[in-house]
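Contents: one structure, followed by commentary.
We call the chains A, B, C, D and E, going by the order they appear; numbering starts again at 1 in every chain.
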Amino acid sequence: MLLELNDVSVSYGRIEALHGISLTVNEGEVVALIGANGAGKTTTMRAISGTRALSGGRITFDGEDISKLRADLRVVRGLCQSPEGRQIFPGMTVLENLDMGAYTRRDHAGIAADLEKVLELFPRLRERRKQAGGTLSGGEQQMLAVGRALMSRPKLLLLDEPSMGLAPMIIQQIFDIIVEINQQGTTVLLVEQNAQQALSRAHRAYVLETGRIVKEGTGQDLLHDPSIKEAYLGVA
Amino acid sequence: MNFADLFGHIGQHTVDGLSKGAIYALIALGYTLVYGVLRLINFAHSEVFMVGTFAVLGLWTAFGVQNNPPIGQAIIFLVLGLIVAAIASGGTALAIERIAYRPLRRKNAPPLIFLITAIGLSLVLVEIFGLVLPKLLGEAVPSIFGRARIILGMPTIIEQKTLFTVLNTSITNIQLIVFVSAVVMMAMLDWFINRTRYGRGVRAVAQNPETAALMGVNQERVIMLIFVLGGIMAGAAALLWSMRFGFTQSSIGFVLGLKAFTAAVLGGIGNLRGALLGGLFLGIVEVYGATIFASNWEDVIAFVVLVIVLMFRPTGILGESLGRARA
Amino acid sequence: MSDETNNPVAPKIPTQPVPAKNLLEIDDVTLRFGGVVALNGISFEIKEGEILGLIGPNGAGKTTCFNVMTGVYKPTSGAVRFRGERVTGRKPHQISRLGISRTFQNIRLFPEMSALENVMVGTDSRHKTSVPGALFRLYRVRPKEEELPQVTASGGIVRTWQQVRRGFAKTFGLSRHILEERAAEDKAMELLRFVGIADRANDEARNLPYGYQRRLEIARALGTEPKLLCLDEPAAGFNPAEKEELLGLIRRIRDKGVTVLLIEHDMRLVMGVTDRIVVLEFGSKIADGRPEEVSRDPRVIAAYLGEPADAA
Amino acid sequence: MIDKIRDLDRRRAGALHSVGDRWRALPKWQRGLTFVAFVAFIYYLPLLGIPGLTWLRTDSISGGSNWAGVLFTCAVYVLVAIGLNVVIGLAGLLDLGYIGFFAIGAYAVALFGSVNSPVVKWFQAEFDLPPTWAVTWAICAFIALVMALISGVILGWPTLRLRGDYLAIVTLGFGEIIRIVARNMEGVTRGPQGISAIPGPEGPPSPDNQIFGLIDIKPWYWLAITVVLLMVFAVRRLENSRVGRSWLAIREDEDAAAVMGVYPFKFKLWAFAIGAALGGFAGFLFASRYAFIDPTQFNVNLSILFVAMVVVGGSGNMVGVSVGAVLLAYLPERFREIADYRWLAFGLAMVLVMILRPQGLIPSKRRARELKDRAAEAEEAPAHV
Amino acid sequence: GCQDAGGSGDNTASGDCGGKIAIFGAFTGDNAGLVLPSLNGAKLAIKQHNDANADCQIEMVEFDTQGDPAQATPVANQVAGDTSFLGVIGGHFSGESDATMPVYEAAGLVMVAPSATRTDLTAKGNKSFFRVVGNDGTQAGAVATYLKSQNAQRVFLIDDASAYGAGITAELTKNLGATVAASDKIQERQSQFEATISKIKAANADFVFYGGYTREAAPLVRQMRGAGVTAKFIGPDGLYDPAFPAGASGGAEGSIITCPCLPADKAGGTFTADYQAAYGQAPGSYGAEGFDAAQIFVDAFKDGKKTRAEILEYVKNYDKQGVSKYIKFAENGDVDPSRVVIWSYEIKGTAFEPLQELKLS
């Protein structure tokens, strides 16, 4: 078990956004987290990555209790999040942004190789490597955000809506990449609105509704669950 | 209006302006660093500089340095002065960060609140050095605190001598030292910020603190780092100041700080090279302006030039670089 | 769930033959940022009353196109004409008064203002009270009967006072400021109801759920009484059910007589709601036509859609 | 220690809060009556003789200043604070050079109204006027208002396009420019010598003046406070109108406001001009009551003090900024014992208030909420932020 | 600090003798250093009187204005409105004096100023303003005499654009005529003087006169010397301040300072010794003037004057040797210029060595 959330709750002011959720991610898995707007998916991710404090519960990563650990130290432990809404560094070039992904790494050869790989995956980024991140189009920024997360070579990669704002073709690519890096040994926790895609690629999935986990199962099971179909896949 | 004088000695005036501006530039670096990362005008930075000059004064007084010591001694006292000033200024900057800014950051207060706090701190520091310490210690160490409000002289550590004269322009040893040190220091800082991993961390925090944390950057450490770096630069400026001008006073920071901040804005606040360029430019503008008109128009000229520059380049000569571009 | 969405790609029964009048013309517009050519001589027009889709791969120049239309950027060459008038070179607020309004790809509300106030800022753009007007309130308008102060009390000083006020308003009129203020509030409330978020009218925008914020942006844009409403990926981050609702809203907006320009990556939504689609790639237009034509266009498939199976 | 203060502050804030709530809950006529009573009290203040409260008077200590004189200063500062609040609190523009407008208003009445001014002398020589001729006070008031307004526009026109912090330094420079020009242009302003014999409503200062005399300052105070009340009324009208909403929208997101049809430049310029006019008028009152001005009275320090009173009082809220202004004008006078330490005390107070109560002493409801949300957010985010 | 100078306050005004006066000036703040000697001098005079005359106590209330006209005016209103005050010592600066003159005059209160020196203060037809100090014109005249005696050919004039500095420099300009080579104005708190120094060099001056205060003068003279300017440096009483040579760290060596104040050993009576005994330091600038100003009131009270009008009349006709000079006022309130004593001092190390008394013309 790589990651375990145990009865985790998080509040924003007086509003509690997560009411004690528990989930696990095993080494080598792709786990999807789906749910409607405001269900608490992003909040879950932030709790895991440490940008939001817990109001209750416990998070264990790789056998260590990280509930109170600072966010940057979680990165050092091998936990990297690609945040929702891109959040690239607007004043840095594409290359510098990618370098930031490898901030905690020291293996120069490995970094160079990974950089090459990312640029391979997103030729658009190679084309724009000297352009300031802030002037990229929405979709380009999204690619950059995913590429940057890949650069940190995490044990567990947290992806928050990686397909948001991307053209259909690129969405396809992104999901292919997720599968690929997973096969190369990275565990992935994936938040997606595009439930169809997410479920079909994930080993397991959780469904979140207003701050509670309401369902869990294998990707395929959920994909064929009629209630899920109705609520999240938009197909009657 | 005296254009004849200006053009008659244009070279000399330029050299004078550059050496004047070099000091502005070094202080401006502190403003720019902090502003770049925290979007905060650290109004108290001028007092960080002031504390540096008092540290140098204290050191030299403690060792009983006299005017024009032998060169060997002079070098020792300069090096010691640099260390002491850097520690004092860096420490003050760090203390300011810890005592005043950190609680505010914890509360996520908007920039204006930081500004007012900084102004308050600045007042407090000036009064501590100008009033409280003199009352407490004025009897014991009159040469340091007795007249801190008016003026405190320091020994001349290196006598000013003309090194060489080209094209009717003489350059003195001190002008050269000041100018070269300023450029070297700024180059080192620039290298640090733009070329090292730490520097990249600083810029990342500047642009998107939360995501920087997600990349493994320790934000608190970065903030401490920039305050200390800015403080060290101010300390260096304090030493150069003490060497060149040989005096200080509790309110010395005010005007210099204002000018340095103007320089930072002129060059493009948040931009290290801009700080250097802005400082030198401002120095030259002031000397030219004071030559053409009288010296009492100096500030007017400086500010008018600032407005003109900003009208054509709203983010300063070089624009912003550390800071977040607009999304 | 409505019929259309069951089979979104199927041709929609055209509501009416599209009127031919051009509302907006983009005429050979080019925009360069240094070396990057964001828009490369594109031309297309928007007809009055239609819903036009603007699609294309990431970085194709769609948002840039919006920015040119709303005056955020000035094109390097070419012109945008709105109802025959040249728009390029005008300031954003002037363009807004002409009747183009928009939403943002990343939501940009006024976070500390209530939802109602947000919309009122939009409606204000049609009002005239300025600083002297608000200060002196001298400009008076003859009010309609129902706008006069009401006499409600049953007797005593209060009643007399109310009668005096009423009489005063009758003789001297009411200040325009007051009438406008009332009108703005009524209109804003109505718009909030229209987009379906009236229940949170007095909450600050920042506290609204994401979906509400998106809709509030639309309400605010509608407040400026646009002829043309530009929506930049309004469905980003919505799940299919929410997208469904949005689709209905866009139609209702069009039915109010507002022309809609829609940027969206969700093909199901685009196919379901638009009358016509313009496709951009690398800053150039590569297709322009009815949804079913465009979706079969091999260039569009190659550049954007990928294998057709994906559109499902 | 800090914890204790914090706790106290919380309790005090709570009490204030409930006062505010109870106030809002009162029926309209009761609120009206209270307001009238309050205004009456304000007018009564210079006569303050209620046993138990006389210690409030600044002349109750040895070496203290004239009570009505201090009240007058408070009133002028309140006027300044209200004007600056339009700029900072409502439009969100940081103006560190407000003293410049104050100086312009003061110099306007000095230059046109005093027989000692070179400008008046020039007029006398040019148009063969008697040596006692000068522009009358009421016209000077108008000139002051207009000159300040115009200078606000002139300063704002090129600089309001700049972003916030750039504006701060440019305005600061403007304040300095005005002072330096006043000092250096000896032919026009008499430079550092200053100008005396600045007129009041009854003409130049003289022992014959019946109401606005040299020794009894109460009428001056009543005049100033009347102006303040009028301006409060006017600014309230702006605040609760389309104009106020536009300012707020610009403060929150300028670009989005522009796209919604608000012309940011125009409204920012208005804010600037209104602020300038109020500042200028305050300067005008100041000069005509003191009858003497020189450039040293328009120091940058004062600009910063002005900003401090707005922020410390609670920017955006007229009651708040007025309280800030009164405190800053009154406390140093009442506690003259600490004279030498007043800047130290002032600095410490600023730091403490900001750390303990960043929204200011009496913030606007909106600001208070905003800051509370921000603080709550920060508190929930983990320690590193 | 607002303690009264001696005596218990209450019973003073009631007796046959004694009364209450006010003294105002910059007793705190940046400029306090220039004014405190005068306050101390005045306190000394009152104390000496009160100690000697138990039956005739004088109360002196201090009002701190920080030298700011805007703070001096409410003080004036307070003093003028409180009829127990019978006279005023002040102002110390010209600006605050100018601002408050009409108020005191309207109240019929007499002002005796120890150090407000601007020339035009006495040129406005005032009826109740007197000063026991020579005005700037007198001192400037003395400086001009000195320069002539030194055979100055090319004098460079600098002032700090303050009321005091600019005033005295303007007077000097009038007096010097053609020997003025060039001039420059600096601003307060300026600390770098490249432009000014290059102007001095260009003018090839043999004398540099600086009108202003220590804060700017010390770095100026130091930088001048550093840049190799050898012209003799002259300054007025604003620089008669131990901080000046100390702040210039040797740069001020040999500078000439003029002051309308007597060298310690020349001051009348036992004043210098008394002052030294009471405050542990030499009187400095205006200490004697402060004493004289207070002494005038002491004399008035001793003479049994009890109303504002009587005291005003008394001061008008005052005719007596004071510690600083012989005091008799002209119609306009100035002391007789011929009685004003101006001395020149040379800076040696950190000391002011008296050189000579400067005679007018």
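Please note the rule applied: contacts are C-beta pairs under 8 Å (C-beta built on N, C-alpha and C of every residue); 3 or more make two chains touch, one makes a residue touch a chain.
Treat the numbers as computed from the prediction; the structure is a model and nothing was measured.
Colleague: Using mean Cα positions, find the chain sitting nearest the overall protein centre.
Modeller: Measuring from the global C-alpha mean, the nearest chain centre belongs to D.
Colleague: What is the chain whose Cα centroid lies farthest from the Cα centroid of subunit B?
Modeller: Taking each chain's C-alpha mean as its centre, the farthest from subunit B is C.
Colleague: Out of every possible chain pairing, which has the most C-beta contacts?
Modeller: B-D
Colleague: Could you state the distance in Å from the CA-based centre of subunit A to that of subunit C?
Modeller: The answer is 33 Å.
Colleague: What whole-number Å value describes the gap between the mean CA coordinates of subunit C and subunit D?
Modeller: Distance between chain centres: 42 Å.
Colleague: Between subunit D and subunit E, what's the gap in Å when you average each chain's C-alpha atoms?
Modeller: The computed centroid separation for subunit D versus subunit E comes out at 35 Å.
Colleague: Could you put a whole-Å number on the gap between the CA centroids of subunit A and subunit E?
Modeller: 77
Colleague: Going through subunit D residue by residue, note those that touch at least 2 other chains and give them in order.
Modeller: Residues 180, 183-184, 340, 373, 377, 384.
Colleague: Could you pull out the residues of subunit E that touch at least 2 other chains?
Modeller: 161, 185, 187
Colleague: Pull out every residue in subunit B that's touching 2 or more other chains.
Modeller: As it turns out, subunit B has residues touching two or more other chains at 210, 213, 218-219, 294, 296, 299, 327.
Colleague: Which part of subunit E faces subunit B closely enough to touch in the complex?
Modeller: 30, 33, 161, 183-187, 189-196, 198-199, 202, 214-215, 218-219, 222-223, 226-228, 241, 243, 246-251
Colleague: In their shared complex, at which residues does subunit E touch subunit D?
Modeller: Per the touch definition, subunit E meets subunit D at residues 1-2, 4, 27-29, 61-64, 66, 68-71, 73-75, 77-78, 80-81, 94-95, 98-99, 101-103, 105-107, 118, 120, 124, 161-163, 165-167, 185, 187.
Colleague: Which residues of subunit A touch subunit C in their complex?
Modeller: These residues of subunit A touch subunit C: 36-38, 85, 124, 128, 131, 135-140, 142-143, 161, 164-172, 193, 195, 231-236.
Colleague: If you look only at subunit C, which of its residues touch subunit A in the complex?
Modeller: Contact set of subunit C toward subunit A: 1, 5-6, 33, 36, 56-61, 63-64, 105-106, 209-211, 233, 236-244, 265, 267-268, 303-306, 310-311.
Colleague: Can you list the residues on subunit C that touch subunit D in the complex?
Modeller: Of all residues in subunit C, those touching subunit D are 70, 72, 91-94, 96-97, 101-102, 104, 108-113, 117, 120-122, 124-127, 129-131, 134-135, 137, 177, 180-181, 184, 204, 206, 220-221, 223-224.
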